[in-house]
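Input: a single structure, listed below in structure tokens.
Letters A, B and C mark the chains in the order given here, with residues in each chain numbered from 1 onward.
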Amino acid sequence: MHVASRNAPPASEGRGYLKNAWYVAAWADEVTGEDLVARTICELPVLLYRKGDGQAVAIGDLCPHRFAPLHRGRRRGDDVQCMYHGMVFGAGGACVLNPHHGGVISPAMKVPAYPLVERGPLLWIWTGDPACADAALIPDFGCYTARGFRTVRGVMDTAANYELITDNLLDLTHADFLHEGTLSSEAITISKLETMVEGSSVWANRWCPDGEVPPVWRQLLERMGMDPDQKVDHWLYMRWDAPGHLLLDVGLAPVGRPREEGYWVFTGHHLTPVDARRTLYRWSVVRNHAIDDPEVDAFWQASIDYAFAVQDKPMIEAQQAALGTRDIETLRPVAIPADVSGGRARQVLARLIAGEKKGHIARPGETPLDQLLARSAMSASPVLPVV
Amino acid sequence: MHVASRNAPPASEGRGYLKNAWYVAAWADEVTGEDLVARTICELPVLLYRKGDGQAVAIGDLCPHRFAPLHRGRRRGDDVQCMYHGMVFGAGGACVLNPHHGGVISPAMKVPAYPLVERGPLLWIWTGDPACADAALIPDFGCYTARGFRTVRGVMDTAANYELITDNLLDLTHADFLHEGTLSSEAITISKLETMVEGSSVWANRWCPDGEVPPVWRQLLERMGMDPDQKVDHWLYMRWDAPGHLLLDVGLAPVGRPREEGYWVFTGHHLTPVDARRTLYRWSVVRNHAIDDPEVDAFWQASIDYAFAVQDKPMIEAQQAALGTRDIETLRPVAIPADVSGGRARQVLARLIAGEKKGHIARPGETPLDQLLARSAMSASPVLPVV
Amino acid sequence: MHVASRNAPPASEGRGYLKNAWYVAAWADEVTGEDLVARTICELPVLLYRKGDGQAVAIGDLCPHRFAPLHRGRRRGDDVQCMYHGMVFGAGGACVLNPHHGGVISPAMKVPAYPLVERGPLLWIWTGDPACADAALIPDFGCYTARGFRTVRGVMDTAANYELITDNLLDLTHADFLHEGTLSSEAITISKLETMVEGSSVWANRWCPDGEVPPVWRQLLERMGMDPDQKVDHWLYMRWDAPGHLLLDVGLAPVGRPREEGYWVFTGHHLTPVDARRTLYRWSVVRNHAIDDPEVDAFWQASIDYAFAVQDKPMIEAQQAALGTRDIETLRPVAIPADVSGGRARQVLARLIAGEKKGHIARPGETPLDQLLARSAMSASPVLPVV
């Protein structure tokens, strides 16, 4: 990708990153006011800031003159001045002022400009060929902006490869052990897993009809004034989109009743590689109940903070420490059925990275979830997703 | 060694480790109750725990499924459950429960099981082919369990290759400089050094008859009510066994009298490589006098702590820092006569490691020390060792 | 260089160091009394100390026996004893006492002896072939010892390659941005830069006649009772000598008047590589005014400490962090005219390092600055330097 040539990262361990893809650069409110915000994304040094009209932009963070970081510079209106020798770069990446003798600006005086799309609470960045950046390829997280929903969220700096986190999320059976007594749910273990692949999307769906309310959900139902002793249909639909975006649609409803009569949430998971062994993991919980209740906000914030920071993160970081610089696949891990979804995601991603040399671009599946589920042998009465 | 293949360590610097050998995994009381104790031994991740009947066992610490560390798991009776996805492994290394659909257990679902022998205060681990593990090959440290002896001991985490510590112990002339005024002893410098090799054992013996009491021993004799001004026979017999176990038999007795009339101690030294540049060094002092006196315990504890932690450790770590990733032999060190014993140990170890490919197994020398000494030209009236 | 063979450093990143050259080992007062002072210079472990007669000497810091650092040893008169096994080395590097049996001293029992010259406040060390060490090749910093001058100085431990600091100093245009409001000076930007090369010296001279007093100088003039509103001639003459010594002669004087009627200082900059990514940067400010005024000492100390520690150092270390192990030249930086001087210095140094294999020795330019300036098209009325 010639756009990155002047800010070339160190040679990556393993198989590298999918370049022609949308990553999450930041939650939108990580970039505010006049701030110059530095982020390393797939080893690329990136500078994020907002123009005077509020538009967020992303350019390379290293001045092409002597590779001083622009985030140590200052704003000049919508431009950024390197504070080492004073070159000024516009939001399009080109040098717009060379304060030195003559002020000549050569074509090489530029930094990469990364396509950036603000959509709801997220800033999406395209690290590949700008000509291929198509906002229609951004995975659908419409739940973030749907009317009547409330989102809590966080960022977790994790010392592990992002695919180890993908594995974690695509195999929810880990909840019964790692999150025992909190997020664990008998339904996860007894339900059947159905993996579906379309384009650069993988679904790992579990559907558990006519069962007991799993323990963890009892207090949620009680809080909502619902009967925790009734029989329920319980669903967990996890969607993964390359390179590392996941949406879990999870909840339960009285047997045979639509989801609106039950309790459900969406959880979003956005994995942005810093490098081969470090990931910024942004997570969210989106709910449609008690949306004005700060106590419920706090409940979810504390629950997820605990589950991720105290339970998942140390385990995943321990995996990474054991692996060191080795890719897990090279160690021939023993497989269980629950690994199927994670394995498919790894295959899809490997194929996309390999295909990139031939100009292929990842494209999320477009079939709506209800149609996918209707095709499924697993679920006779699919619970329809909300978008 | 196929046993380690699924928990393969990173490629080792230098010439690697002797695999078919007994290392010290831990002092026996490092592993108590229901605890899951993680140790890295020759870069192998090892889990130590005790079964309900008290038997200590050692298995690989990484679950073969996704390489999560089992020491983050929990006990299930005599078994251990990985807390990431719930596989349970028995003390023999095999998976005994797969909680996932069908519960199928494939032959690959296992971790290495390391032969482990508890002998006195030590847990000995065999890192090589279990079929070759022979407890008879464990070097003799009978002094630890001999009646009428008292042991104080410690563990020192040292940022240096274990062979640099072997060098230190096999050349006690360093005491006159590094331990000046504490462990130093004129006899070490003026005595003759005799190096003897048998099997995988090397002896570095010093014998200094009919001399003054070295300064450091005067306070010990006085404490015992013995005359510090008498002439004494003084001995230092150091035995090394591959890969890194040393026993020093050191003391003095009235001229021509048996050791029982004098003052002596054994010191044990067990060097367990964590990796090429880090060693867990376990040491002990075994004495047969004042064995119920906590003040004497404290004296020895403080003396050795000071000598090792304040004097030896910084010097050896400084050596390692100067060497970096280089093996000391490649830098052509200048030799002095006192290096002979350490050099022989290095040769023996190198030969053992090279021989391992041909299936050779290290075997400690079996000739009793008194017979060895009787053959010696150095000592006309050998002081007999206690076992 | 056979002198360093026994204390061989790890393989250097990049193109290595100029060996046959004078580096600054320390400010003279870093080495006092009986102290054994360790410094790493171009990856060589060096021991500095003063003999009883006050003469400073430099020898290799690693004992050739087991590579224990001599700086952990002790003085024996003018000699140094390794405290691991007791070998004693003289100021000439040879072993003078082997305390072990027989006391035989072999020719290999020696450490490198580095030519060391104390000149004014500096200890200069020659890292190459001692036979080529010629004190006449030490760059001229006579200002340090000139009568009627006062020096303040410091040391800054910088996590960056020394050539990045050279770049910084040879392109003073950075002052307008990085030191805005303190060391910045309009004259730097509007003046013409003239680069001159002679031998292993590069000059980067700026001459700005008949202009306003730059803001930063106003308070200095006022402090001296001079009129800050008069028109002045302003000069900045920066001299670089391989491998990393710089002298800035900077000041201003009433138009057409000699420098003695104006205000000027010399600043010295001595860059000693620790390794490819760490530099000890010793700096000085030499002035001929208010030389007995501790307030002026404090003013300069605080000004330079702030400029270097708070402004330059973070920027240069950020450059190094962005570069990682890569040489900046391999990333094809975009050039501006102000880079010419730094580029010439890099070329001269690269040529000197390459030439060293053919036995060439760096030799500073010998033409006095006034003669150089007289040849210059830039300055019609050169301001003469003081030596």
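Here is the rule we use: a contact is a pair of C-beta atoms (placed from the backbone, for glycine too) under 8 Å apart; a residue touches a chain by one contact, two chains touch by 3 or more.
If you're wondering where the values come from, they're calculated on a predicted model, not measured in any experiment.
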* Magnitude of the superposing rotation for chain A and chain C (Cα, nearest 5°) -> 120
* To do: Same or different, please, for the chain A to chain B contact, judged on whether over half of the interface numbers appear on both copies.
  => different
* Asked: Measuring from the mean C-alpha position of chain A to the mean C-alpha position of chain B, what distance in angstrom results?
  -> 50
* Among the residues of chain C, which ones contact at least 2 other chains? -> none
* Asked: Residues of chain C touching chain A in their complex?
  -> 167, 171, 173-174, 176-178, 180, 189, 192-193, 314-315, 318-319, 322-326, 328, 331-339
* Structure fact -> Seen from chain C, its contact residues with chain B in the complex are 6, 8, 10, 45, 62, 64-69, 72, 81-86, 98-102, 106, 108-109
